[in-house]
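Could you have a look at this structure, given as structure tokens, before my questions?
Labels run A, B, C and D following the written order; every chain starts at residue 1.
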């Protein structure tokens, strides 16, 4: 593997940090300029990230080492296929989110918008740092930056409910972080290094028992962010946050970062060989399957639209982890591709929910009867994304589910095939009624006076994301080569290069 | 027996020290605490000075014109020097403590710890 | 409080008495304190500092720096007393 | 042997300037402050120069009066005390800069004396750090303590009594230390640290050495406020005037910690406290309790400054815990924490000072809406608070990381759990303040009577019915911002600091 030294990762990272500072300095008075910074940063960041794709597809790794933090560990950025995948997704969706949040925040005349955009930019800084981190320690630094910068976003409404949601978020994530510190410490004292390596670097260190405990600590630690059951409680509570924040939490950065970290640990710290040697892959897979089915059922019971979406997220994250823990090439490819596919689809769903809220202040599923008539574009996009999540072609969700199913066959675990199919059925069960009611039912107790879409700032991102979900379903390699990168990750992680 | 006679200097200083120590932490009157502090510090001085003594030796002032000076003939001067410094340090602490007591008295018009704590509640 | 104080004091006293067992006897000319460091003061003081009073020579010369510290302590205490009890501008 | 004048300059320059400040105060009051800043800057420069010498040539010796070591007093500066001296002098310079407005407003007639004692306090602390003689250390300990008693006593209403209590405990501590020195002297005949470290290994079975060790440790533990000898601390630092608590709180305890490390590692053979006596075990347990106790008691406080006092007790617990692990990572964590904690605590105490200077509240319940009024100060507060919680990349995280590694290396899982749990407790502590300051609208908007805003005592002169809180003056704000920047950059540079300085401060065989 060829290693290229370049400052590009650092540049991409600093773009959002600088943007955050500029936003802070610009302040509330000149809000057009402030939002301009957000946009410019999102664009610049996206292009820097995308410019790294060709090199990485060639099998190169882009590295950038800063100060040494302690023996064997530096503050190091290392762009491999997996990191680039996540970075591309995050920066891609940041563009959509920033447009959307401008419409949303202004539509609601929200307070403290400067803080909002500042924290948002900083959260992206954290997410990209996680993506580009070359070792566990660097990853953890940005993991915590992400946690802390998201806290003000979750508590943005400043109501009692919002603040307690924020508290819960912090309590879960910081407890998880404590476990991560512990497991990092053990890893370091076993191996003397924390650098990621394809195929893992823990093999041959420590006793089986210790490694099992270590794995559990890692998964529980990062699992809090990935909302793995039973550590998911914070995610539905955090739904009090403004919708762009929910989009950030679910689709762009936070939970995806959690899943990313879990996958990093599985593939680059422990490695498939060690995991299957310790029989841990199957344990994690069963654990994830339970989450998949349980969260699907719980989603059915939710009347609040955003909470239902939250449980759907928990469901899909568990599917990604399930894919990775099956440790077969197709399953890993499918799982990783699902990170992107789910990102685009889920962001559409949240955007749509937010648009409905801004226009009508409705949050309950049962109140949405007939809304499709007044907001056709929004609800059509919603329908597209919802069907995509259920895995119906030609949406992107189909591709990932297809590969996941293939992967479970490859791994010889038919049980998990049924889990996947069952979850698709559950998806249809909890999204189907919404789509049906919104288009084909008469509104009750509410006047509908024709077309009433939200502002263009919101509708365009919604439609664009829905369109992209279809596009990535038909051309999974469109624009940014998501699929190729995902399969490259699977190949290199399994050593079948 | 040898144990007691040979080391009675230590016994005395320990007794004094414990008296002072008890007054410092057990008494509720601030002046009594200070008196305890003084006893406590003095006992340490006693201890140090007693370590300097040598049987059959004299005070460490060299007689005029004495040539070859033997260490055995004079007692150890170093503990005395240290204690001269320590005395000054202790006196200074004591002075500051008295100033503090004056401030406390001006404020609360009492030097009983319980009463002062009662005021502050 | 008194009880705690009494216990603390008796405990400390007991420890101190326990410790005396290994101490040199009073006035033992062979104790380490009399054999290390201090002989030089006694033997060389006149020669090196021309001061017959050895306590003085150690205080003001060999360990003169302690004495500077000591002076500073008095100075500190003086300033502290001024600061604490002098009434300014009243 | 390197002869350079800097070791003695660190002490003598502020010492002389302390005299000059008083004289200047008699002639012209406005001269005092520049004099103080000048002398503190000189100390910082000398400590930098020494650190440079030590890094390039190894340990620096300085014989005072020219007498060779066991007979005269010697300053020995190795990596450890060069490091601590720089921390002490740099932080006191920053606090010194910020003291001007607060001192001149609160103690208009007495400013010269306050500055003088301020400088003397720093002199005492620096003297403790650079000396190589156990008795000389006692003398400087008392200089620092006496200056501290006086400075604390001029604070708010309860200050004299708090200071008196502090003095009783402090004197017990100092006397125990002196007694320990006496015991060491009686078995070795020497007061020089280097000489003692040569003589002590042969005497390890002596009960007297054991006594000496115990009394030295108890004495230092009182001075560094190690649980359960911390009782004097919360009151003393709560009632002290703001610049004083910002100086005394972080530095006195840290210098105490330094003395403990020095005695354990240099004076006694390191194996003594780990193997011969169960001191390491005891330190671990006390440290662990201190951490939990400090955090839990801090949770119960409503006064921000008092809460910081308890947090400080917990931070001391970390240092003790790290020493108690008795391995390289643990000690690295402890020594690094001397720097980190000094920075963050100084910054936090100074922030309280800035808030109260502007007539702001000290009760945390009244912090509502503060971020809008003092945005920069509160930003610095967030950075320092995150550091106490241990969020990377702030410096607090890195010392905790070394401590966790130390715990893992010595297989002390219980204490690793304590360390991790304490981060969560700290998070609760500080995030509730951040929530107040950032997410709750200020009192004005809720229409609460402004009179209720009056903080507990003190500073009545500007507290009328109308209080307008905004950023503190630049002399206070800039040191706060420098320290906040330090908290961030020390975190990222901790690798350099550890591999360049702290690595050499720990005996090689660890």
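The rule we apply is simple: a residue touches a chain if its C-beta (ideal position, glycine included) is under 8 Å from a C-beta of that chain, and two chains touch if they have at least 3 such contacts.
As the structure is a computational prediction, the values presented were derived from the model and not from experiment.
Enquirer: Just to be sure I understand: the centre of a chain is the mean of its C-alpha atoms, right? Then which chain's centre is nearest the mean of all of them?
Expert: Most central by this criterion: D.
Enquirer: Between C-D and B-D, which chain pair is linked by the larger number of C-beta contacts?
Expert: C-D
Enquirer: Find the geometric centre of each of subunit A and subunit B from their Cα atoms only, then give the gap between the two centres in Å, rounded to an integer.
Expert: 70
Enquirer: Determine the centre-to-centre distance between subunit B and subunit D, using the mean Cα coordinates as centres, and give it in whole Å.
Expert: The separation of the two C-alpha centroids amounts to 29 Å.
Enquirer: For subunit B and subunit C, let me know how many angstrom lie between their CA-based centres, rounded off.
Expert: 9
Enquirer: On subunit A, where are the residues touching two or more other chains?
Expert: none
Enquirer: Touching two or more other chains, which residues of subunit C qualify?
Expert: Where subunit C meets two or more other chains at a single residue, that happens at 16, 21, 23, 31, 33-34, 37-38, 41, 63, 66, 69-70, 73, 76-77, 80-81, 84.
Enquirer: Using the touch rule from the top of the page, what residues of subunit B touch 2 or more other chains?
Expert: Only 21, 25, 51, 78-79, 82, 85, 89, 92-93, 96, 99-100, 103 qualify.
Enquirer: Looking at which chains touch, is this a line, ring, star, complete or other?
Expert: Shape of the chain contacts: other, as it matches none of the listed patterns.
Enquirer: Mind pulling up the subunit B residues that touch subunit D in the complex?
Expert: Residue positions touching the partner: 21, 24-25, 30, 33, 37, 40-41, 44, 47-48, 51, 78-79, 82, 85-86, 89, 92-93, 96-97, 99-101, 103-104, 107-108, 116, 120.
Enquirer: Which positions of subunit C touch subunit D when the two form their complex?
Expert: Against subunit D, subunit C makes touches at 15-16, 18-19, 21-24, 31-38, 40-41, 61-66, 68-70, 72-73, 75-77, 79-84, 88-89.
Enquirer: Looking at the complex, which residues from subunit C come into contact with subunit B?
Expert: Listed in rising order, the residues of subunit C that touch subunit B are 1-2, 4-6, 8-10, 12-13, 16-17, 20-21, 23, 25-29, 31, 33-34, 37-39, 41-43, 45-46, 52-55, 58-59, 63, 66-67, 69-70, 73-74, 76-78, 80-81, 84-85.
Enquirer: How about subunit D: which of its residues touch subunit A in the complex?
Expert: The contact residues of subunit D facing subunit A are 386, 389, 391-393, 397-398, 400-402, 404-405, 407-409, 416, 420-421, 423-424, 427, 431, 435, 438-441, 492-496, 498-499.
Enquirer: Can you check the complex and tell me which residues of subunit B touch subunit C?
Expert: 3, 6-11, 14-15, 17-18, 21-22, 25-26, 28, 50-57, 60-64, 66, 69-74, 76-82, 84-85, 88-89, 91-93, 95-96, 99-100, 102-103
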